[in-house]
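Structure below; questions to follow.
Chain nomenclature is as follows: A, B and C, assigned in order of appearance, with residue numbering initiated at 1 for each chain independently.
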C-alpha cells in the first residue's frame, strides 16, 4: 500500500496552506461557470410566473443564499465542535473562517427577501417566518464573530466561540419551530414555493445550479480566509518565516 | 466528621450566593425596579388605549422580564471571577456542572422569582384579566429559570472579556426567542379565551432541556474562562 | 507523588517555558523562581489542572491529573493571587462555605480554631470588606489550615501583604505541613526561609 495518501498530513496548518492555495482557483472557476449557467436559466430560460411576473426571478439568488446560510451555520458549529473536542487548531480556524461567509449569505437572503417582498406584499419587510428566522440567524452569526473578536487569546477565542456556536446550533431548530408557530398564530404572511403549482422543472434546475455555485464559491472564499487566518496565527512559526522569505 | 457529599457542597454554593445576594439587597432591587420602569414606559409611548394595552401587555411584560434578567446576568459569575472564588469552585473535588447549577438556582431565586411575583402588578397596568394574570405568572415561573440557565452560558463565556455586558446581550437575546414567543403566547392565548396549556407545556419542555444541557455548557465555559 | 514531564507552556504567542521535568515526593518543598512574566503562575495553574499545558503531562501517583479529575483535586489545595474571600461575608461564613464547596469536613469549632491559629480571633464576625488586605490573606491561610489532610499544597505568592507576625504564623503552618509528610509548591518574591526536609528549586526564564 505505497500509494495510500496520508490524509492526516493535511490536518496540520503548514501542509494545508499550500494545498488550499492550489485548490482555490479551481473552485472559483467551477463556481463562476455554474453561476453563469444558473443565472442564464433563471433569467432567460425559466418562464414568467403567472402571479408574480418577472419579480419572482430574485428567488434564484434568494433561496440558494438562504439554504447556504443555514447549512454554513451547521458546518461552522461542526468544525468549532471538532476543535473544542479534539483540540485541533485547523478545525477552529475553519469555523472562524466560515462565520463571515455565513453572515454574508444570511444578509443576502434578507436583502433579496426584502426586494422580493416589495412587489409581492407591497412592503420591504414582512414578519414572514422564514425571514424572521434568517434575521435571528444573522444575530447568531454576529454574536459568534463579536465574541471571537472580543477575546485576545486565540485559543480561548476558539473554545468560547465553539461553545456559543454549538449552543446556537442546538437552538436553531427550536427557534425556527417557534417562529413558525408564532407566524401561524398571528396569521402573518407566508410564502411556500413547494405549494406553488407553477414551480416548473426549469425553475428548480436553475435554483439547484445556483445553490451549487454558491456552495462552491463559499468553499473557495472560506479556503482563502483560512489561509490568511493560518498566516496570522502562525506568523512566528518557522514555515511561515521561510514562506515570507521566499516571496520577498 | 464526614467529608461533605456532593449535595452538601451544592447547597453550600446555593446558600452562600443567597446570603451574598441578601447582603447586596440594593442590587436585587435595581433589577426589579428596572423591570417595572421598562414595562411602565410603554403606555407612555403608545398611548393609554385600553384595548391596545391589553393586546401588547403580555409581550411588553415578557420583553421587560427578558431585559431585566439579562441585566442581572452580568453579576452571576463576575464577582466570583474577580475574587478567585471561581478558581476554587473549578478546583473543588466535585462536578463543576453541578456546582454551576447551584449558582444558577441561587441566581434565579434572587433575581428571577421576584420578577414572577411583581409581574401581576404590571399586568394590571395593562388591563389584563384575572385569568391572564395567573397564566402570566405561570409562564414566567416556567420561563425565567430557562432564561437564567441559557443566560448562564453567555455570562460564563463573557467573563473578563471586553464589552462584556453588551456582548452578553448580543449572544443571549437571540437564544431567548422561543421562550419569549411561548411565554407571551401563553398569556395572549388565555386572554383570547383559548387554553394556554400547550404553551405552558412547551415552556416546561424548554426548561427541562435547558436543565440538562445548560449547566454542562456553563461548566465548560467556566473552565475556559479560568484557564 | 507528583511527576511533571516535558512540560511546555505557551500563552498568547509567547513560549513561556518548555521541557520542564521534575518530581515531588512527601516532605518536599519546591520553590519556583524567576522574574516577572517568566511563567511561574502559569506553571502553578498547570500543576493544579486549571490550565492545559501546550506539551507534556502532569501525573499524580502515576496517572494523568486530567484523567483523575475530581480524585486529584481532592488531594490538592491551591492558593492563588486572589484570596477567594467574599467581601460581604464574615471570615467565619467565608470559611464555612468555602470548606463545604471544597469538600472539606470542617465543624464550627474547626473553623474557629483555624481563625485563632492564624491570628484572626477577634475578627470572626465582621464582614470581610472591613478587613485589611493582609487580614484577608490570613483568611485564605485559615482555609489552607483546614486543608491539612491534603498532601499537595500549591501556593502562588502566598506571603503578599502579610506583616511580620502573620509571616511567622504562616511559615509555621507550611513547615508543619512539610514535616507531616506534605508536599509544597511555592512561588514567592519575598525572602522567606522555610526549613524543609527536602528542598528543590526551579528557575524559570533563564
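Simple rule for what comes next: a residue touches a chain if its C-beta (ideal position, glycine included) is under 8 Å from a C-beta of that chain, and two chains touch if they have at least 3 such contacts.
For clarity, every value in this text was computed on a predicted model and none was experimentally measured.
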Field: Arrangement of touching chains [line / ring / star / complete / other]
entry: complete
Query: If you average the C-alpha positions per chain, which one ends up nearest the average over all of them?
result: B
Task: State the chain with the largest centre-to-centre distance from subunit B, centres being mean CA positions.
output: C
- line: Two candidates, B-C and A-B; the one with more touching C-beta pairs is B-C
Chain centre separation in whole Å, for subunit C relative to subunit A (CA means): 48
Distance between chain centroids, defined by C-alpha means - subunit B, subunit C (Å): 36
Message: Distance between subunit A and subunit B based on Cα centroids, please, to the nearest Å.
response: 32
Per-residue multi-chain contacts in subunit A, two or more chains: none
Shared-contact residues (touching 2 or more other chains) in subunit B: 227
Task: Specify, in ascending order, the residues of subunit C that touch 2 or more different other chains.
output: none
Message: Considering only the defined contacts, which subunit C positions touch subunit B in the complex?
response: 45, 48-52, 70-71, 73-74, 76, 78, 80-89, 93, 96-107, 110, 127
Message: Which residues of subunit C touch subunit A once you look at their complex with the stated criterion?
response: 11-13
Task: Sort out for me which residues of subunit A touch subunit B in the complex.
output: 84, 136, 139-140, 142-143, 146-147, 150-151, 156, 159-160, 163-164, 166-168, 170-171, 174-175, 177-179, 181-182, 185
Message: Please output the residues of subunit B touching subunit A within their complex, sorted ascending.
response: 150, 153-154, 157-158, 161-163, 167, 170-171, 173-175, 177-178, 181-182, 185, 206, 213, 217, 220-221, 224, 227
- request: Enumerate the contact residues on subunit B facing subunit C in the complex.
  value: 1-4, 8-9, 12-13, 15-16, 19-20, 23-24, 79, 82-85, 87-95, 99, 226-227
